[in-house]
Every structure is written in C-alpha cells, then in structure tokens.
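Encoded as structure tokens, the structure appears first; notes follow it.
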Amino acid sequence: MKKKFSISRRIVAAVMASFIAMTTLSACSDDSDAPDQQTDKHYVIGVIPFNDTAAEQLDWNNYLTEYVAKNYNIEFKFATAPGDAESAVTVVEELKLAGAEAILGIVDYPAAIQKANELEMWYIRAGGLSTLSDYEQIKDLPYYLGTMGPSLDEEYQAGYDMIESYVKDGKKDILVFAAILGLYLPSDMHVFRFEGMRDALVAAGAVYTPPASGSVVEGPGVGEFASGTSGLNITTIYGYPIESIDSTFHDRFTQAVSGKTFDAVAMTAEGSQNVNTWLNGAGITGVVIGEVSSFNATAGEAFETGILGYVVGKYGSSMGPAVIALINALDGHADIMRNADGTGARLTAPFWAANSSADFAAKRAFDDNADPAFNKAIMDKYIVRLNPSVTRTSFIEFAGFSFDDLKALH
Amino acid sequence: MKGAYMKRLAKNILLTLIVPVSVTAIMLTACQIKGVPFWAPGSGFRAFIYSMMLAVFSAFALSLHMFAGRFDFSLGSVAILSAVIGGKIALAAGTNMFGMLIIFLIVGAVLGTISGLLYLLLNLPPMITSLGVALAYEGLSFAFSEGRGIQIALHPELLGGAALTPMFLILAISLIIMYALMNFTRFGFNYRAIQYGQKIAVDTGLNEKSNALVCYAICGSLVAIVGFLRLSYNGALQPQLNLSTSGTIFSAMLPLFIAALMVKVCESNIALVIGCFTATIITQGLSSIGLSAQTRSLISAFLMMFLLMYSINGQKWRDYFVNRKAKAAVQVAVA
Amino acid sequence: MIVQESGVITGISIAENIALGEINQFGKYGFLRKKQVVDKAREVLATIGVTDIDPSLPAASIDLQDRKIIEIAKVWAKSPELFIVDETTTAVSQRGRSILYDLMKQQSAAGKSVIFISHDIDEVMEVCDRLTVLRDGNIVKSLPRSEFSLDIIKQLMIGRELQGDYYRSDYDGSYPDEVVLSVKDLHGFGLTGVTFDLHKGEILGIGGMSHCGMHPLGKMLFGILQPQNGSVKATDGSQIKDVATAMKRALGYVSKDRDSEALIPLAPIRDNIVSAGIDLIAKGGLFVFPTTEKAFSKKQVDDFQIKCSSDLQFINQLSGGNKQKVVFGKWIGAQSKVMILDCPTRGIDIGVKQAMYQLMYKLKQEGVAIIMISEELAELIGMSDRLLIMKNGKISKEFARSADLSESQIIDYMV
Amino acid sequence: MRDVLLKYGNKLKPAIPFAGLILLAVVYLFVTDFHPTPFHLTTIINQVAVMAVLSTGAVFIFALGSFDISLGVAMGVSVCVGILAYNAGAGVVGMLFVCLAVGIGVSLVNSVLSSVFRLPVFIMTMAMLTVLTAVLQILIGGKSSLLVPSGIQAPIKAFDNLWVRLLFVGVYFAICLVLFNYTKIGRRNKLVGGSPIVAAQTGVSIAKQTIITFLISGTGVGLAAFLMLTRAQAVSVDTGASTGMDVMMAIVFGGMPLSGGAHSKIAAGIVGSLSIVLVSQILTMLGVSPGLSQVYKAVLFLAVVFVASLSYREKMLSRAIMF
C-alpha cells in the first residue's frame, strides 16, 4: 500500500510539474513575441484550422507564427480543428477565453460565426470562399468581415486549366481522380474542381455520361467519359484512401486502372505521392500527376522526382490579406473589407499554378518565410492606421493579387 | 484409431471450409449475375490481399488481447505512431524495405511494451489504460511529425513491402510464428493457462505480469505490420487525432466473429485468417456488385450482430429444432 | 497448495495443468517440448498411483472429482517441502481422499511437512500429528495427537462449551397441516419426477449424493430454473415460474454458492441485506431512503451479530460464517415464510453452524417452512422433521423424525 | 498504518475526482490570472451541458457494468431527425419531442437487443455504432451538413442560452440523482452491476432493468441532442462521431469504476465532463498544439483514474468485464 501511494504521489507530482512547465512555457512565449514596432497595438488572433494535419494548413500556420507574429505585434492562438458544428462553437468560445479578439477561420460553420459575433470577435473566413447558402445565413452579422479566398469559379478554373494543360501537352490517357466526390464527405471545392475538369474534357471533344440516379455512387457522384472526338482515353475514380473510412477504395482504384496505362492523372485534391504509389503498385509507372494542393516542400520533392507535373494551389502567405483585414477591423476599420450595405464581403483570391519543376521551385522560393509573397512591405500599405489612403476598392485588389501582381511589387 | 483420427480431421476441415467457400461462392455468383468481375484483373488481387492483411494483423492483435480478457483501443494509434517513428528511422538509416519492416517490428514492440508497462504499473482496467495510450500515441504521432505524418513515396527502395510476394511471405511467416508461439513456447502455454483460469494460474505461481507484457509487445509488433503495410501501400500516412484511430479495431470485429464460428474445428490462428478472408470477400463482393458504402456497412453490422446473437443464443436456437429429449440433456449439462 | 475451490483450468490439457507454473523446466530458450510435458505428467500421476487418466487429454474431458486428483498431482509434481491441503477433502471422491491421505503420509515419512486445513474434526483427528485451532483469525491452541478429543476440539473451536444442544433436542417431528408449497412431478435438470408437499413450520430435509438432483431442485423451487414438466405451487395455488413470483409468495433461497450466487462480494453489507427486502421499504413502490435502509440493515446486523466495522463494510472482507449470516439476514429481513436452504452450513465454522441450527429451529417455531438441502447426513438427521432422500433425480425414501435414525440406515437409499 | 490508510482511503476515495476537479479549477484560475469573469463560467456551462446530460444518463449503463459506445452517434441521428422535423415545420417544442423520441427509440432497440437476445452491451453497441453512422449518412443525404435557419430572430436562438442549458442539465441531473440514489431503480442497477447472477436470484429482472436503464440514458440522448441542436444548429456526418468515447472518458474521469456496481456514483458524469472541459480550455488558453494537448489530456486522465482507483485493487491484473 505504502509503495503504491508513493508511486501515485510521484505521478501527481509529474502532472503538476508538467502543468507548471506548460504555464511557464506559455509565459516565455509571451515574452518572445516582443513587438518589433513599439507603436503597434498588441492583438491576439485566434486561428481555427480546417484540419490539423493537412499540409496546406501547416504551411499557413507556419507563415502566421514564423513571419506575421514576428513582424507584427500579433499573437496567434491555434485551436484544434473542429470535427462538427458544436465543436466549432466550442472552439470559438475557447479562443475568446484564450484572449483572442478576432478569429481567422478556415472553417465556416454558421453557428460558430454567430457565436463569434455574439462574443464581439471579428471573424474572417479565409482560405476559400464560403458557399452562398452558408454566406446568406451570416452575412448580416456586424462582426462578420466576410470570406476571402479562391472562389468556386476559381476552383472550377483550376480544374479546367489542369486538363487544358494536359491536352495541350498531348497527354492521351488521363485518369481523373475526383477524390471524395462519390462519398458521404462532400465538399463544394471538389465538386467545382471536378466540373472544371469535366468541361475541359468535353471541350476537347470527350463525351460525359453522369452517374445514373440511384447508382452506386452517393453524393454528387462521378460519371464516365467516352473519348468522342477528343482522341483521349479517360478513366474516372473517386474515394478517400483511409481504410477505416472508405474500406473498398483500393479495390475500386485497382478495378479502375487495371490493364490500362496513363500519361497523366488529374486530381481534385492533394496526395500525388499516394496516387503514384498505388499506380506503381498496379504496375503503372511514369505517370505525370496534377494535384490541387499547396506550394510546400513535399510537393516540391514530388516535382523534382517527376511524380508531379502540375500543381495548382494556395501558398503559405496567402493568409496575409486576411490577417490585414482583421488588423484593420481591430483598429476600427472593418468597413475597409465589409460591403457598403453593411454585409460581410466575398473577396476572391487567385490560386497559383505551376507546370514544371523549375516553375514550381521559383514560385516556392518567392514565398519563403524570410521574405514571403505577402510580406510586410506590401501588407503595411493596406493597414489603414499606417496608410489612411486605403479604400475598399484598393483593399479588394490587394486581396486578389495574383502571383504576377506580387512579383511586380517585390 | 488412426482411421477415426483421419475421419475427424476430414470432418473438421470440411466444417472449417464450409463458411469461406460458401460465402465466396455466393459472392462470385452474385458478381456473375451482375456481370461484373469480382476483382480487377491484374492488381485487383493485390488490393484484396492488402485489405485482408490489414484485417488479419489487426484481428491477431485484438484477439490476443481479447482472449486474455483485455480490450485495447490503442492498437490503431500504435500502428500510426510506429509508422511515423519507424518511417523516420528508416529514412534516416537509408535502409531498404526489409530493414524498414524490422525497424517497424522493433518500434511496435517497444510501443506495445510501454503501453503494457503502463497497464502493469497502473493496474487499471486495460480498456481505460488503452484509451489514455491511444490519446497519447495519436498526439505523439502528430507532435513528432509536426502534423505532417510520414512520406516514403519518393524512396522506391522502401516501397515494395505491400507487393504480393512480400505480403504472402509476411503472412506465412507470421502465421508460423504465431502458431509456434501459441503451441510450442512457454509464453503460449502460460497465455492459455491465464486465458482459461486467471485466478488458478496466478495462485499456482505463474507470472501473469511478464506474460501480459510479452503479449503487449507482440501485439505492438503485429499492428506495426499494419502500419508498415499501410505506409508501403499508400506511400504516405497522416496522423489522426481525437481517437479516430480506434476505427481500426471496429473493422477487425467482423473477422473475429466469423473466426469464432470455426474455432472449435480449426486451429485458432488459421481460423482467424479464414475469418479475415471471409470478411474481406464479403466487403469486396458487396462493393463489386455495386452496393453503396452505407448499405455495405449496414450489412456487415447486421451480420456481426447476427453472429453475436448466434454465438450466444445458437444453442437455444438449435435446441428449438431438435426434440425435447435432447433439450433436457443440454439443460443438464448447463446446470 | 491444494485449495477448496476448483484449481484446474479446463481450457488446457491435463498435462499442462500439472506443469502449470513450472513450465520453465521444459525446453530451452522459451520454447516448449510438449512431449516432455505429457511424459512428466504421466510420471507424476503414476507416482500417486493413478494410471487410468491420459494426461494429453483436455482437462475439460474429465469429471470434477478426477480434476481434484489432477490438482493433487499438480502440487505433488513440485515435490513441495511443505504440502498445504485446504478444505480439499469435502470436494474429493473417496479415491481422491485415499490418494491424498497416502501422499500426506509419504510426505511426513520423507521428513517433510503437511498443513492440513479442514472443518471435519474426525478427519483431522485421524490423519494429523498436531492440531492448531483457529478462531476469529487467532490461534487458540495447539494440541499434540495424544491430547486429541472431540469435545475439547469442539470447545476450542467455538471458544466456550457448546451451550445447549448442537442440533435441536426434541424428536417431535410434528408440524401444522397447512401446505405452503406443493411440488408435483418435477422433471428437467436431472430430475425425473419429484413430488412432495411442504408444510407450515416444517423443516424438510433433502439429502443425497451431490449429483442426485437436489441442488437443481432447490433452484427450481425458487423459480431460478424452469422445470420441463410439473409444477411448484404456493399456498394460494399460484404457480412459481420465476424468482419474482417466488419472492412475492415470500419464498427465500440460500444458495450453496455463497460468493457467486447469494452475495455481491464487492458491495457493502447494507446493499446485500436490503436487496431482497427492498420492496418492503420502498415508499410508493419506488423510493428508497437511506435512513429506512440503514435501519433495515442494522436490525439484521444486530439480530445476527454480524461481526463488522459497520454495515458499510464490504462483503469480501467478511469470514464465511459472517457472510452466511448476511445471506440469512437478507432473506429473513425480506420476511420470507418459506426458506429454501441449499447447504446452509457449508464452509462455516462450528459456532456459526450451531447458531444457524438454532435459528432454523426458531424460524420453525414461528411458522416458517424450511427446506434444507444438504450433503451432510448428520445435520439432516439432527434438524429435519421429515427427511427426503434422493437418488438419480427421484425421491428414493422418506424418513420421519426419529431418535433412532442413523446414517447407515439412510446411506443405502443414496447410492 | 496500513489499516488506517485503507480505512480513510475508502472514505476519501469518492472525493478524489472532486479533488481533481478542484485542482483543475485552481490551475484554471491560475491560467486566467485569477480574474475569472462571468463569461468564463458561462462558457464552461455552455460547453459542458451536452456532455453532462449524455454522461449522466450513461452512468446508469455503466452501473450495470456495461457501456454503450454508440451513445454519441445515437445523439447525432437524433439531432439529424430533429433538424428534419424542424425544417418540416415542427417548431422548437416539436423538435424537442422528436429528439427525445429518437433518442429513446434507439435506446429501446439497444435494450431489446441486449436483454432479449442477451448480447453483451459493449460489443452490441459497437455494431450499433456502424448501423447508426450509416443511418446518419443516409439521412443527411450526401450534403456536407443540414442546417436549421439560425438568424438572430430564429425561434431556435431563444433556446441557445445559458439558462435553458442550466435548466435542462439541472432538471435531468436532479431526476437522475433521485432515481439513482433514492429509488429501487438505482439500487437494482448497482446490484446487477455487482453480480447479475445474485441480482437475478434476488428477484431482479435483468431484462426489465436493462430496458429501464436504456430508457433513462435514451432520454439523456434526446435531451443532449436538443441542447446540441440549439447550440450548433447543424448536423454533419461527423456529429457525435467521437462523443461516445468522450462520454466514456468523462465518466471514468469522474471516478466511476469500469465494472459498475456498488462504487458507482451518479455525479461521475458531471464531474468528469467538467474536468474535461476545464482541461480543454486550459490547454487552449496556454496555446498548446493539438498533438501535445492530447498527450497532456492522456497523462492527466490516467493519473486521475489511477489515484481514484487506488483503494480497490487486487493482486491479479484487471481484466475487461464486457466479454
């Protein structure tokens, strides 16, 4: 008995120690966020990730902590990615408790945005545009700045451009991987990207047959392509490669690709390394893959080894304008972003795209955390406090800067 | 004597094969009627074996714990964490796929042992310990990789592990090892003694703790194989949070229930493999004839429920059909 | 050490049972030689004079009494310096008993020691060289063989001279005519047609060999087991089909498996006592208040002089006798008018035993009908108004209460 | 010394989870620089409500020595049907009744399966988890989520506040407290948890007890669904997916032994839920990353449960009791 108590005491001590360590650590991190500009107001901004482990999200987090926090007097509090609407509301409350005054959300649960409004925290939905139906529910909330990111048209265009580039390069045998479309995990982004691919293929002469209603495929569904006048051989596949979620994905994948060869793969999501591995496993090699992902190191390696041939996606500093919108709002200039009629704005931001290793490497180098695409020099010009001449129109332009725009400004 | 033995053996083999063969026949016929291939020519078979292998090793680990009266939520998280750690070591060491497999086995065993030590130290119900371990391991697999998981797709020398030949080799070797372990080692002997009579075995002076610890280590290695196969097949693995790794366990339940049907007439390890085979055939067949994921999971859940009912009420149901006299005899036996 | 409960694991083979805990002797480097294990087991069995049991068979394939022999072999295989036998003989067949006595002699002849724990004074007096009497966890006294005497030992065991009679003293086997339980032609669970009536204020003894069907009979009377044929009817003519109806008709049942069927070991005394009488103290048929509950359980604890720190003490910390008192308290608290007692004095010391007998007699006088199922003929003879002897699922003989009734008269109808 | 320890250990043991909670509260205060505001309290109650109701109901199942791992998804289905009903014009009160009906209905199915077919609850509910997940997906019908109109004027917003939550949790907990501590239902629950055989031989109908138990927890599922709905105003395929495990953690955190029986405490659900909410808020306030925060939660969970279990341990290793 005595011995057991001593063990327990030790464990309790360890827990206490870890708590103390945690508290001290956080205290230290407060210090390390020493303002570069003493005149800057100190703001705390909460971040709600859409997924804790997605490469894209990790790049954004990296930009926020490694660049923005160091160059502005801003502290970021990261929440755990919420799994459903209720936890999104919880996360908003927790961020408020953690001292956040505004929220940079990569999710758009209306209830969470309402909660932020109720708690008088500015909310911007970044990284992609909210769907219209979600937007309609919340656009009138006074603390809702709006949504910023590639629009669904951009998503559509991304898919369209990827296929168009393949066709232009003379790729004949194309695998279209529509990711989660056929599952009960629908996402508008994926629908629009696929529709872009579909229309590009149809424009090239292929004939599309949508899935029959009541067929195998749930959700929006993925149909089949006949080559028509295009001279293309097109195969479609959908699914989600986590075995415990989509237990027959690998079966469907092999069913779809067996006995075929491919020049190119067009994906509505990221994961070129996985697709390449599966294709190799099925005995198919030397395929060029195009994905919608982000300009990060993993994609870079894949480009160098020739797995990736086309990338369209976001990049770490694409969060920059959203942060500036929040700073403006916190400074009392929410109207720079919000519409004149008092509703939240919908501001479009373009993707970047690369179709060669060199192209990719150049763009990636351009968005380095030492000097990112959206750097302090550019962004300061759109902080009303520092530059009172900013207007709503110029801010909209700023949010929509393309690669070339940014390049010209550097 | 020998004749009787042969006869019994033949009967047992027949009884063992009845379920998998009939299920396969039904599924093949269904595909035939639908006019679809059961699996894709070429690599479809590999995808099938891969699915089966995942089931086999999850079920091996789960059953090893379950028959000793433990339930382990953390198996899925051990698979992922051993992939993250093992993968990183393998990349750093510049080894090949065999080296990677061995690294995985060791890492899995270490992770399993840690989990087992925690169980022994705390002496809480294993289900509770395993919840804590699952949370911690999921968190660590995130923390160790800064959330990025592990990618080996660009290292072809590490990738071959999920090809047909290595998979069959792994299966065969594991089966032999598991069979030997259970039947020809002190561990297996003590394990069975504890399984059937924990109190007596402990009173007789058997060291339950060391047995449990070895069991944890073995289970760790077994699910590390799951991690190895998933990483080899997919080229990359993402960490999962919020106990979502426990899905691995739920998917190993159906094979276990099927295996339970034939465990009386068949060596338990083989029964388990056959159970996994049958379950995978069912999933694959239902998918090939075009049922949606929802319908499939409904069917397999109902099947599991039915098997559960059968295993508990089967005797009663059978009695219902035989005459009352036989029923009386059974009741005497029960009393 | 050979323990009172079954010490054989049924899922593994006989040989493996014998090798349990000693497995390191067989094979090297963690591997196991199965043949060695079986050979060694055969050898061990032979040394204790058993050659008709094949050690390679699964332990589940042999009957309970042979399993006890396996257990003896298991312990003997370790060539112990000290051989502890705990209450084993009550569960063992005549053959097992002689093997055991034999081994005990061999052990002592070899200059090694034996500790033999038993309730059976006759047995102890027969085989032991020295006797230590324990009471309430304390050593009372040690006696050399020369000082063995039945009376002295009994006295030491209860700590005082037995006050009054051990069993009841009267030989008046009368009881009122009112039938409280009417049993007709019961079949199933080994019974092949059992019929009898139980009367108010009667102590009805039921005896026989342990597999004669009397234990399932007890369960059937209480509605735990359902007969295939036949009926059990209470005073008002209603049939007893399940435990709930049995309890409504004021039946109570004391199981022979105290720790697994009668009491919840990991619960306080109070919860256990209240469990059967909960309907009596529930207000509006639903609400139970701690104060009434406490009073209810306190009464039983006091009445039975249950030794405990409080009635919140857990059952698993009590001695066998005190546990049995809790069981009795549970049913008497529930105001049972018919008590079915299955081996009510199994595994409890002589003092508590006597208290139980006195209690039964008191209950009889209060008009409670008692069915006492027992494997001990002495107590059946000592207590019953009427004694039914069972054999092969049938009542083979009925005896009325008499001073002349002896065990030898009865035993012919049992075997 | 050992006896004293045992004696007081037994008396103090129920207080350990409370002590844990108080310790957490102190850390919480420390983290908030000893300036707790009404908002802190409001948030804690807002966040704890759903879990508290669910886990209080689940205590009854736990006391039987069992666990229903499908509770969370059952709530998800209940939320979903509630939204469908509301959107079909059922009104907020109608929606509440629909939620209750679905929660109780699902629980009834569970209880019948477990009592009539004698299926072990834990494994049975694992299969139910799959069934209910599929049902939820089919009900949602391929959309990313189903919403109820939730503008500021929406009727449902009137229920999205602290007082409604306090009322629901308070009333439900009070009823459960009475049922568990002051009625035959609670006594018999503990009896069955202690030993089903003894309970059966003492006249307790295990089947009836199981059905009553599931009715109580089913009511909890329905109420929790309503609270969830007023707060989240949406349902997606992930709603409730991890809740089953969270409830299990909460109850164990609250000092409930996994084996049920006499040690069962009705407050375990609320104490555990509060502890988990506090831990989660503390970790977010400290800005711990998602991975590490899970590790801390795990350590704390095991530590609290270990200390709470100290006084009733046996020589043998613990085993699962559900098989």
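Which chain is which? They are A, B, C and D, in the order written, and residues in each are numbered from 1.
What we mean here is this: a residue touches a chain if its C-beta (ideal position, glycine included) is under 8 Å from a C-beta of that chain, and two chains touch if they have at least 3 such contacts.
Remember, predicted model here, so these are calculated numbers, not experimental data.
Trainee: Chains in contact with subunit B and with subunit C: which ones?
Mentor: D
Trainee: Which chains contact both subunit A and subunit B?
Mentor: D
Trainee: If you average the CA coordinates per chain, which chain's centre is most distant from that of subunit D?
Mentor: Centre of mass proxy via C-alpha means gives C as farthest from subunit D.
Trainee: Could you work out how far the Cα centre of subunit A sits from that of subunit D, in whole Å?
Mentor: That pair's centroid distance is 34 Å.
Trainee: Per the centroid of Cα atoms for each chain, what is the distance between subunit B and subunit D, given in Å?
Mentor: Distance between chain centres, rounded to whole Å: 30 Å.
Trainee: Roughly how far is subunit A from subunit C, centre to centre by C-alpha average, rounded to an integer in Å?
Mentor: Computed from C-alpha means, the inter-chain centre distance equals 72 Å.
Trainee: Mind checking the centre-to-centre distance between subunit C and subunit D? Centres are C-alpha means, answer in whole Å.
Mentor: Computed value for the inter-centroid distance: 43 Å.
Trainee: Where in subunit B do residues touch two or more of the other chains?
Mentor: Touching at least two other chains: 142, 147, 239, 241-242, 244, 250, 293-294.
Trainee: Residues of subunit D that contact two or more other chains, please.
Mentor: Residue numbers touching two or more other chains: 137, 241-242, 259, 289-291, 293, 299, 306, 313.
Trainee: Multi-chain contacts in subunit A: which residues touch at least two other chains?
Mentor: Within subunit A, the residues that touch at least two other chains are 52, 80, 83, 184, 218.
Trainee: On the basis of the stated criterion, which chains touch which? Give every pair.
Mentor: A-B, A-D, B-C, B-D, C-D
Trainee: Would you mind writing out the residues of subunit B in touch with subunit A in their complex?
Mentor: Result: residues 37, 39-44, 46-48, 50-51, 54, 76, 121, 142, 146-149, 151, 153-154, 156, 159, 162-163, 230, 233-236, 238-242, 244, 247-248, 250-251, 283-284, 287-288, 290-294, 296 of subunit B touch subunit A.
Trainee: Could you pull out which subunit C residues touch subunit D in their complex?
Mentor: Going through subunit C, the ones touching subunit D are 222, 224, 242-244, 246-247, 253, 255, 260-268, 271, 274-276, 278-279, 282, 285-290, 314, 330.
Trainee: Report the residues of subunit D in contact with subunit C in the complex, numbered from low to high.
Mentor: So the residues of subunit D touching subunit C come out as 178, 181-188, 190-191, 194-195, 197-205, 259, 261-263, 312.
Trainee: Give every residue of subunit B touching subunit D within the complex, in rising order.
Mentor: Per the touch definition, subunit B meets subunit D at residues 66, 68-71, 73, 118-120, 122-129, 131-136, 138-143, 147, 198-199, 202, 208-209, 212, 239, 241-244, 246, 250, 253, 293-295, 297-298, 300-302, 304-305, 308-309, 312-313.
Trainee: Give the list of subunit A residues in touch with subunit B in this complex.
Mentor: Against subunit B, subunit A makes touches at 7, 52-53, 55, 57-58, 80, 83, 183-184, 215-218, 241-248, 250-259, 271, 273-274, 276-278, 280-283, 298, 301-302, 305, 307.
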